[in-house]
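Below are two complexes that have chain A in common, paired first with chain B and then with chain C.
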Partner chain A sequence: MWNLLQIELYKISRRSRTYIAFAAITAIVLIFQLAFKADGTAYLDFMSQDVMDTFQFDKSKAINGYFMCYIILNTLLVQVPILIALVAGDAISGEANMGTLRLILTKPVSRTQLILVKFFASVIFTIMLLLWMAVTALFFSMLIFGVDDMLIFRSKGDVSQILQITKDDVLWRYLCAFLYATVALTVIASLALLLSVFAENSIGPIIATVCIVIVCTIISNINVPIVDKYAKPYLFTSYLVGWKGFFYIASTEDGETIKGSMENWPAVRNSLLTLLGYIAVFLSAAIISFRKKDILS
Partner chain B sequence: MSLMLEVAHLSKQFKDTLAVNDLSFTVNEGDVYGFLGQNGAGKSTTLRMLLTLIHPTSGEIHLFGKNILDHPNHALEQTGAVIERPDLYKYLSAYDNLYIFAKMSGIKPTQELIMKNLQLVGLSERAQSKVKTFSQGMKQRLGIAVALVHNPRLVILDEPTNGLDPQGIADMRQLILHLSRDLGKTVIVSSHLLNEIEQIANRMIIIHKGSKIAEGNVAELLDPGNTLVELDTTDNPRAFSFLQQSSFTHGLEQKDGLIRLHMDRQEIPRLVETITTDGQGILSVRPRHSLEDYFLSLTNPDTHVESPANRIV
Partner chain C sequence: MKKNLLLTAFFAMLLSFVSQAQDINILLQKAKAKIETVKDYQAQGRMKTNVAFLKVPVATVSVFYKKPNRLKVKSEKGISFIPKGAVSINMSGILGNINFTVLDAGTDKINGTVVRIAKLLPTDDNSDIVLSTLYIDEASSLILKAKTTTRENGTYELEMTYGKYAAYSLPDKIIFSFNTKDYKLPKGVTFDFDDGVAPPAADKSKNKKGRAEITFSSYVINKGVADALFN
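Up next is the complex of A and B:
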C-alpha cells in the first residue's frame, strides 16, 4: 500500500495541473494582501458601519496578519473545493481516460487498495494545499502586516457584532481551523473520487462535483424555516464553514471575552463528526462501486 | 505439457448484448495460443475476464490451478498483459513508466532490471524520453516491456499488431516468438487476422459473436487435406453404401439428405469419377469451407463461400 501511495504521489507531482491550484492560491492571496495594504481601512469602515457607535477600535492595528488570514480563508475556503475536485475528480476517471486504469488493474493491485491509495493521495494533496494557504495567507500576512489582537466581524441573526481575540489566543485557533478545513475539504475529495469511479474522462466528475457543491451551498444559504429543518442538516455544505466556530470566542455576561474559549464547541464537534460520516459514506460507496465495475476503457 | 488456463462455460452479458456465450477452452504451459475473431467477436471481453477487469456473468476461469475470482492476485502476479492500446503515462519517461509498473507488480525494480527490459524491446536508447514522443510501435513495445517486467509465466497480448506498420508487425511477431521459444513464456495473443495467428501460434480458438466455432492445433485446423465435402447424387442411399466400400470413408455420414465426408480437396475429381463409375448421376459436389474460407466468410460477407465459384457440379 505504501509503495502504491508513493507512486500515486509521484504521478501527482509530475502533472502540471497539480500546480494550478498552488498558483491560484498564491495569486489570490497576493491580490488580497496588496489590496489591503493599499486600502484596507475602507473595508473595515464598511464592515464596522453597524457597530461604529458601540465599538471603538484602532483601524491601523485591526488590519494585521491574523485578521488578513481570516478574511482570506473566508473567501478561499469557498473556492478551494474546485481546486480539490481538479485532482480528486481525475483520480480514477483520469486513469480510465488515459487507458492506464486497465494496465494498473492487470497488476496484482486490489481495487479496494487502489481506491484507498487514490483517497489518501487526495487527502495529502488537500493537506499540502492547506499548508500552502497557511504559509501564504497566515505567515506571509503576519510578516507583511504584523500581529495584534484579532477582530472578527460577525452577523448573528439580525445582530452585527465584533469579537476581539487577544493576539496570544489566536494561533491555536488557526491550527484547529486548518485541521477542520482538511476534514471539510476531504469530504469534497471523497465525493469527487466517488463520481470519478463512474466516469471515463475527468471533466465529468470535476464539473459534477463543483455543481453539487454550488447547488448545496446555495441551498445551505437559503434562510427559510422549512429548508433549515428539512434540507440543511442533511447537506454536507452546511458544515463546510464550521471552522469559523474556532474563532467565535465565548464571553462573560459583562461582554468580556474569555481567553482560550469557544462559544459553541459541541456544535463544532458535531459538524466535524458529520463531515467524517460523509467521508465514510462517499469512500465506502466509491469502493463498493469500483469493485463491481467492469473496466471497459 | 501442464494445463495453465482452463476456461469453462464462460459468459458475459452486457444489458441486451451477450458478448461471450458459453465459452470453454484450455491453454497449456508453453503454448502460443491464438485468439481469433472479427472485431466485436468477444475476444477483448474474454481476455479482460481472464485478467479480472470484467466480471463474468457465469462460468469459471482457473489460472495456475486456482479460480481467479477467488485468488485474483495469485493469477495476476504471474501474468503480464497488454490489452488493446498500450496506454501509458505520456508525461513520464519510458524508464519511469517501467519503474512504476514494476513496483505495482510487487517487485523491487533495480536500474539493471529496468534497462534489461527496455533492451529486450529495443528501447534502451530512449529510456529517458517521455512516452508522448513515442511512435505507436514504440508504445506497443514499451507496453510489452511493462507486461514482462515482473517475469510473468503467462503473457496476454490483445491485438498487439494493431496500428503498426509492416516492419513493426514483423518485429512484433519476432518478439512474440522470442518470448515463447527463448524465454519459455506462455503467450495468449488475439488478432482478427488469421495469417497473424497462423505464423506465431501453435494452438488457437476462433470465436464469433461470443461463441467458439473452432479450437485446436493450428496446423490441424488449417489442414487443406481435411475439407468437408457435401455430395448429392441421383440415389444417395446407394451412393453412400458404395462409398462405404471405397477409400472415401473418413467422416462419411448421411445428413439432411446429403452425403458428407472429410477428404483432401485435391481428391474431389477422383470422388466424382468413383461415383459415376457406379452409374450414379451427380447432382452436386460442394466442398464446405476450409477454416480460412469460413473465417473470411465471417469477417467479410463479400467472400462468402456460398458463391458458385466454390461449387463443383
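Up next is the complex of A and C:
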C-alpha cells in the first residue's frame, strides 16, 4: 500500500497540472498582498464606512498579516475546490484515458486498495496545497505586514459585527482553520474521485465537480428561507466555510471578547462531523462503484 | 396693605432668583477654576467599549491632554476603537473654549449626592455645541455628569467618578455614552459561516447607543506633554 502511494504521489508530482494549483495560489496571494500594501486602507474604509462616523481606529494597524490571511482565505477557499478537482478528478479517469487502468489492475492490487491509494494521494495533495497557502498567505503576510490584533467583519442574518481578536489569540485559530479546511477540501477530493470512477477521460469529472460545487455554493448562499430550511442543511457546500467559526470569538453581554473562546464550537464540530460523513459516503460510493465496474480501457 | 405684601413677596422671589443665578455662576466658576489648575496631563487607563456591533477586548489606553483643548486617546497595544466624541472627555473642552449663558435648572441627585444643574447655552450661533447640561456637586465643586448636544454628532453623556485626583478635577472613572449609527456590512462581500443560530432580535433603541468606560490607574499632572503626541 505504501509503495502504491509513493508511486501515485510520484505520478502526481510529474504532472504539470499539479503545479497549476500552486502557481494560481501564489499569483492570487501576491496580487492581494501587493494591492493591500498599496492601498489597503481603501478596503477598510469600504468595510467600516458606518463605523468611521462614530469611531476612529488605527487602520494601518488593522491591515496586518493575520487580517490579510483571513481576507485571502475568504476568497481562495471558494476557488481552491476547483484546483483540488484538477488532480482528484483525474485519479481514475486519467488512467482510463491513458489505457493504464487495466494494466494496474492486472497487478496483485485490489480495487479497494487502488481507490484508497488514489484517495490518500489526493488528500496529501490537498494538505500540500493548504500548507503552501499557509506559507504564502499567512507567513509571507506576517513578514510583509507584521502582526497585530485581528479584525473580523461578519454578517449574521441582518446583523453585522466587527470582532477583534488579540494577536496572541490568533495562531491557534489559524491552525484549527487549516485543519478544518483540509477536511472540507477532502470532501471535494472524494467527490471528484467518485465522479472520476464513472468517466473515461479527466475533463468530465473535473468539470462535473466544479459545476456541483458552484451550483451548491450558490444555493447555500441564496438566503431564501425555504431554501435555507430544506436544502441548505443537506449541501456539503454549506459547511465548507465552517473554518470561520474558529474566528468567531465569544463575548460577554457587555460585548467584551473572551480570549481563547469560540462563539459556537458545537456548530463547528457538527459541521466537521457532517463533512467527515460526506467523505465517508463519497469514498464508499467510489469503492463500491469501482469494484462493480467493468474495466474496458 | 395687601398690595404692599404682594409687592414684597414678588421682590423677595425676584431677589431669590437673582441670587440663585449668581450662585450657579459662582459654582461654575469654582468648578472651572479647579479644572484650570491642570495645564496638561498624561493618564493611563483601561477602556471598555460596549456597542452592539463591536465585540472588542478591554483596551489599555493612554490619554494625553494639553491646554487649551488638545486631547488624544492612544491605545498602548493593539487596535482600539476610540469614540470620536471622546474629545469632550475633558470638561475644559466644554468650559474653556466657548462663551455661554448659564441657566440654573435646579437640583437633582446622582448616586445619593445632591447636585446643582447648570444649562450652558453657547452665545456663538455657529458653535458645534448646542447645549451642555452640567450636574455639579456643590460641596466639592466637581462636575459629576455632563450632557452635551452637538450639531454634528448627536448627544454625548459623561458620568465621572472621582477619587485620588479630585483636587485637580480629574476623574478616576469616566462613563462616556454616545449615539451610534447602525452598522451594515456591504452585501455579498463575505461568505459567512451560518451556525444555525438566529441572531438575537435587534433592540433598535439599544443599538443606537454606545458606551465607553475608562478607568484611570494613574495621572501625571502638569509635567509637560510633547506636542508631537497630538499628531
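The rule we apply is simple: the second predicted complex is superposed on the first by the 293 of 297 C-alpha atoms of A that agree within 3 Å, B and C clash if a C-alpha of one lies under 4 Å from a C-alpha of the other, contacts with A are read in each partner's own complex, and residues count from 1 in each chain.
By our rule, a residue touches a chain if its C-beta (ideal position, glycine included) is under 8 Å from a C-beta of that chain, and two chains touch if they have at least 3 such contacts.
Since the model is a prediction, treat every value here as computed from it, not as a measurement.
Of the two partner chains placed by superposition, only chain B is touched by A:110; chain C is not. Once the two complexes are overlaid on the shared chain, A:257 sits against chain C while remaining clear of chain B. Once chain A of one complex is fitted onto chain A of the other, the partner contacts of A:219 are absent, as it touches neither chain B nor chain C.
Using the contact criterion defined above for the overlaid structures, shared-chain residue A:296 touches chain B, although it does not reach chain C. In the superposed model, A:128 lies in contact with neither chain B nor chain C.
Touching more residues of chain A than its counterpart among chain B and chain C is C. In the superposed model, A:3 makes contact with chain B only, not with chain C. In the superposition on chain A, A:268 makes contact with chain C only, not with chain B.
On chain A, the patch touched by chain B and the patch touched by chain C do not overlap at any residue.
On the side of chain C, the complex with chain A involves touching residues 48-58, 75, 78-84, 178-186, 189-200, 202, 210. Listing the residues of chain A that touch chain B in their complex gives 3-4, 6-7, 10-11, 14-16, 98-100, 102-110, 292, 294-296. Contact residues on chain B toward chain A in their complex (touch as defined above): 14, 48, 51-55, 72-73, 76-77, 79-92, 100-101, 103-106, 143, 146-147. Residues 46-47, 49-51, 53-58, 61-62, 74, 78, 148-149, 151, 153-164, 166-167, 221, 228, 232-233, 238, 241-245, 248-249, 251, 254-257, 259, 263-264, 267-268, 271 of chain A are the ones touching chain C in the complex.
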